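In the two complexes that follow, subunit A is the common piece, with subunit B as its partner first and subunit C second.
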Partner chain A sequence: MALLKKSSIWIAFLVALLGLPLLFDSILAISILNQMAIGIVFALSYNMLLGQGGMLSFGHAVYFGLGGFLSVHALMLIEYETMVFSILWIPLIGGLFGLLAGIFIGSFSTRKAGTVFAMISLGIGELIAASSLIFSSFFGGEAGISGDRTFGPTFFGFDFAQNIEIYYVAAVWAFIATLFTWLFTQTPAGRMANAVRDNPERAEFIGYSSRKVRFISFCASGMFAGIAGGLFALNYEFITEENLNAATSGRVLLMAYIGGLGYFIGPIIGAVVLTLMNSLLSNYSELWMLYLGIMFLLTVMFLPRGFAGFIMMHQVAWVRGNMKMLIKPYIITGIPALLFTACAIVLIEMSHTDDEVFHYLGLALNPASPITWIVILAIAGGAFYATKRSLIQLNDAWETANAIPKEEEA
Partner chain B sequence: MLEVLIFATLNGLVTGFLLFMLASGLTLIFSMMGVLNFAHASFYMLGAYFAYSLSLYFGFWTGLIFAPLIVGALGALVERYGLRKVHASGHVAELVFTFGLAFLIEESIQFFWGRDTKNYQTPDLLDFPLFTLFGQEFSAYRGFMMAISIGIFIALYYVLTKSRVGIIIQAAITHPQTVSNLGHNVPLIFMGVFGVGTALAGLAGVIAGPVLTTFPGMATVLGSIVFVIVIIGGLGSLAGAFIASLLIGLLQSYAIASDVGMPDLLNLLGISFDRSHPLNDLWTMNLPQIAPVLPYLLLVLVLIFRPTGLLGKREE
Partner chain C sequence: MAILSLIDVKKSFGITEIIRGVSLDIVEGEKHAIIGPNGAGKSTLFHLISGRYNVSAGSIHFKEQQIENKPPYEIARMGLARSFQVTNIFQRMSVFENIRCALFWSKGYGYSFWHLLGKQTELNDEAMHVLEQIGLADRAKFPSGELAYAELRALELGVAIASGSELIMLDEPVAGMSHSEAQNAVELIRKITEGKTLIMVEHDMNIVFDVADRISVLVYGEIIATDEPKNIRANSKVQEAYLGEVPSA
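Showing the complex of A and B:
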């Protein structure tokens, strides 16, 4: 019974993963779901490093990319029948090479955490990205390499030509990877990783080599990044230098940070939110990267623990049954804040458009007329002021909702 | 051979001094706040773009003076309203903040100036060959770049070691509490140094823009190299940053100018491989080809064998 209770959240997760394509079955939705599954595994592996182990890496794409490259090579070998196995196992190959790369690079880079580690990871990331362009017979130069996933033995008649079939493969692998990353946090190695992150000196005093602890986390993280790379190879059937360079490393940092470091669910939230922004927002605006940058900076400044941290902040109020005290203040602050955001977006978009008439939220605006600008600026100013004022009452409500009840105090 | 060597040395020195203008600010900011400013090269890029826009209306020289001032003011604002707030959440948050800032600045530049390369020109006044050696010209503008960089180096050295302000800054780096007790406004000093550091990066952008082309990726091109320099030189060491800047500048310049490669080495050893060898890429590699990789290789080697860098202090 206790086991059932413990595993219920995992069963729910698996059901959600497998059930999502029934709800969203368009081609776009399936492609987004595939990206989410890849993003979740990748972001979880990054959180293992930074969130659990305290190692800030600027070159995590190396393991993702190397896993992906080896996976595409494996796809080619299956195509030429040098190897015969189902493409279901491709992510395992990616994971294996991610692990090997982790063992090799971790052997010298995990001596120190902090800035030294961050810089080594940056250096190695740049080194490998630049070398990949030199060794073009393996990495395919700027064009990258491509394979075909429809070869090899079929799996109960599926030949994986459709994206939806790959989604189920990716979903199962994402589930396995999530389960194992969570189990890793429960092992002594995972617990010690937290200890070494918080205080390496104390960990050394109780007899653990902080370097060895970091090394284990590092290798495991490299392996899961490699699995994500293998999933990427299966989904897109090609991989380029871009998948192991600094841009990809930056993106996974963004995912994990916006989602919330230190919380297991954080990177999952981050991967989902960022993939959605990436796929949906880019349809509406070519400036979506700018919005992403602004959102990222605001998150670092005001929600240092990410979205997951923001949700967890309400735990105390929830336990005390005070959530309803917060609903009204949230709405009062939220409306002007949303209005301000909408105004800011329209100002940014209007200054970037060449159209005569700018359509926004059902309004037809004239970007050439100064009146439009003055009106929107005035609304934005008013909304900003209202948000600022209403924050005071939100703060008060927050204090009361989290206050220790009278009887407990006594 | 000699002409190649001389020109490679001159170009290496121009790059090296330019890199030092960025590295000096970065390393000063690091010694104060203990945070590596990822966005430092982005301020360099901002400098180039501001100077380009100013040069369209008022000419190059106005841009040279005002663009670094604008960049410095922006830098000070970032410190006051961004970094100082994030400081409470720890070093990782600060590093991530500057990382996000670099991202945002690049996107903003594309927003305001577009994605294309800007036609930012050297001023007519400096558009002549400074001297001609072995039939090759050395442009006056490169000489001007070198003069400005060396001037900044001397000024920085003088201000930091000889002036009263410099002595207060040095004291504030090691003993902020004591300096504060003596009645100095330490947060203001930090903001000032951050502003001056970013202004120097902006100045480097102003003078590098016409030569290294002004485009939205220029921060990425130089950004990680500057990081490599401050690490190789030893974090927080100005002299180390100076040596490492020249070292990297010369190293890359020599590597690009040289025409040796693996085939020469293999010939020397009397080994040969046919073209179908799986490692053919390795056997046909040459030095100019791997020039962009060299700084990172050096970085990784330094970090493994001497984690404190060339002149870095021993870790406590």
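Showing the complex of A and C:
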């Protein structure tokens, strides 16, 4: 019974992973779900470095990409019948090569944390990305390399031609990877990673080489990034230089950061949010990258512990049963804040558009007319002022909801 | 028998010589205090013994093995533990986690990533036991970075002694404490170092004369006297170095 209670969250996670395609079964939805599964594994592997181990990496895509390239090569081996095995094991090949790359690069890059580590990771990232364009027999140059996942032996009749079939493979792997990254945090090596993150010097005085502790986390992180790369290879059946360059490294940093580095669930939230923004927002606006950047800035400035940190902030109020005190102030602040956001978006989009009539929220606006601009600016100004005013009330409500009850104080 | 011997140890930073030839034997089981004016090199000496700094010359033996210039983790594994003058803990982890981490190596877990901590009953009980000893049992789940000052110092002590090392080095363990807090801390130090060797740097002379079996006086990087407390009090060189501060205590 205790075991059931402990594992209930994991069962719920597995059910959610496997059940989602039943609720969202369009081609787009399955494609998004696939990206989410890949993103979750990749972001969790990144958090092993930065959140758990205090290593800021600007080159984490290297392990993702190398895992992915090797996985596509493995797909080719299957295709040409050099070696025949089920494609279910492809992520394991990605993981193995991510691990090997981690062992090799980690052997010198984990000597120091902080700026030294960050700079080395940046250098290695650029080096591998540049090499991938030079060594085109292995990396396929700018076009990358492609494989075909349908040649392997079928699994209970499935040949994995459909994206939904690959999703279930990805979901199971994502579950396994999540479980193992979590279990890692529950081991001596995982806890010492936290200790070295907090205070590498003191860790040495309780018998641990900070460097070796970092090295272990680094290798594990490389392995899980490689698994994510293998899932990518299975999903897209091709991989290019783009998948191991700085842009991909930046994206995984964003996922982990926006989700919340200090919490295990943070990168999962980050991967889900960013994948959604990436796939859905890009349908609506060419400027989605700009919005992503603004969101990252706002997160860093106002929610340094990410979305997960924002949720966890409410723990005290929740435990004290004071959540209802916060609902009304949240709504009162939320309405003008949303209005301001909407105005800001329309102003940004209007300055970008070439159309004579700009359609937005059922309105037909004329971007050429100064009146449109003045009116929207006025609304934005009013909404901003209203948000600022209501924030004061929200702050008061927050104080009351989190205050120590009288009887506890005495 | 000497558990720790320093033989003509020297340390320079650039051209500045901080430790100018220190020789010292620490007898197994004794409580040894190192005193001296500010800037005499007491903390530097601690750093040299515990491996944080490399020596410029001379040698250090712990349990008859050379330890100078070894990395701190190797010295710690041999059974030499230390605390720091400025609290130096794992601030984002809980109080319990701090102590448990300090236990890993001596309990033989090494760099294991295959033991699940939830199942290590003996280890977890031992960590709780240490917390009870240092009076922080009710703070087990508290984030250690948010402890009150005296509690932080107790945790600092706990992290140092948790592994059960034979030689414990405490760098100003009661600095910054109120009188009553310091009294409690001294009781605690007595309790947890029972049957072990203790080397302590401390400014509070009441505590030094109360706790120490022997005292060494370090002045400008040299030990000018090592003796029992009552002889140190009467030593004219010491009185000179302290300008009459010591005997007043």
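Operating definition for what follows: the second predicted complex is superposed on the first by the 410 of 410 C-alpha atoms of A that agree within 3 Å, B and C clash if a C-alpha of one lies under 4 Å from a C-alpha of the other, contacts with A are read in each partner's own complex, and residues count from 1 in each chain.
Rule of thumb we're sticking to: a contact is a pair of C-beta atoms (placed from the backbone, for glycine too) under 8 Å apart; a residue touches a chain by one contact, two chains touch by 3 or more.
Everything numeric here is computed off the predicted structure, so don't read it as measured data.
K.L.:
Give one of first, second, both or neither to describe whether A:62 is in contact with subunit B, with subunit C, with both, or with none.
P.N.:
Once the two structures are laid over each other on A, A:62 reaches no partner at all.
K.L.:
Looking at the overlay, does A:70 come into contact with subunit B only (first), subunit C only (second), both, or neither?
P.N.:
Neither: A:70 stays clear of subunit B and subunit C.
K.L.:
Looking at subunit A, which partner touches more of its residues: subunit C or subunit B?
P.N.:
Here the partner covering more residues of subunit A is B.
K.L.:
A:273 contacts which: subunit B (first), subunit C (second), both, neither?
P.N.:
A:273 contacts neither subunit B nor subunit C.
K.L.:
If you stack the two complexes on chain A, which partner ends up touching A:78: first (subunit B), second (subunit C), both, or neither?
P.N.:
After superposing on A, A:78 lies clear of both subunit B and subunit C.
K.L.:
Figure out whether A:233 sits in contact with subunit B (first) or subunit C (second), or with both, or with neither.
P.N.:
neither
K.L.:
Determine, under the contact definition given at the top, whether A:289 touches first (subunit B), second (subunit C), both, or neither.
P.N.:
Touch partner of A:289: subunit B, not subunit C.
K.L.:
Using the touch rule from the top, collect the residues of subunit A that touch subunit B in their complex.
P.N.:
So the residues of subunit A touching subunit B come out as 50, 54, 56, 58, 108-109, 111-112, 114-116, 118-120, 122-124, 126-127, 130-131, 134-138, 246, 250, 253-254, 257, 287, 289-290, 292-294, 296-297, 300-301, 304, 348, 352.
K.L.:
State the interface residues of subunit B toward subunit A in the complex, per the touch definition above.
P.N.:
Residues in contact with subunit A: 36, 82, 85-86, 89, 91-93, 95-97, 99-101, 103-104, 107-108, 110-111, 220, 224, 227-228, 231, 235, 278, 280-282, 285, 289-290, 292-293, 296-297, 299-300, 303-304, 307.
K.L.:
Which residues of subunit A touch subunit C in their complex?
P.N.:
Residue list for subunit A touching subunit C: 183-184, 186-192, 194-195, 197-199, 201-209, 212-213, 216, 220, 262.
K.L.:
Provide the residue numbers of subunit C that touch subunit A in the complex, in ascending order.
P.N.:
Touch list, subunit C to subunit A: 50-52, 71-73, 76-77, 81-82, 84, 88-93, 97-98, 100-102, 104-106, 109-118, 159-160, 162-163.
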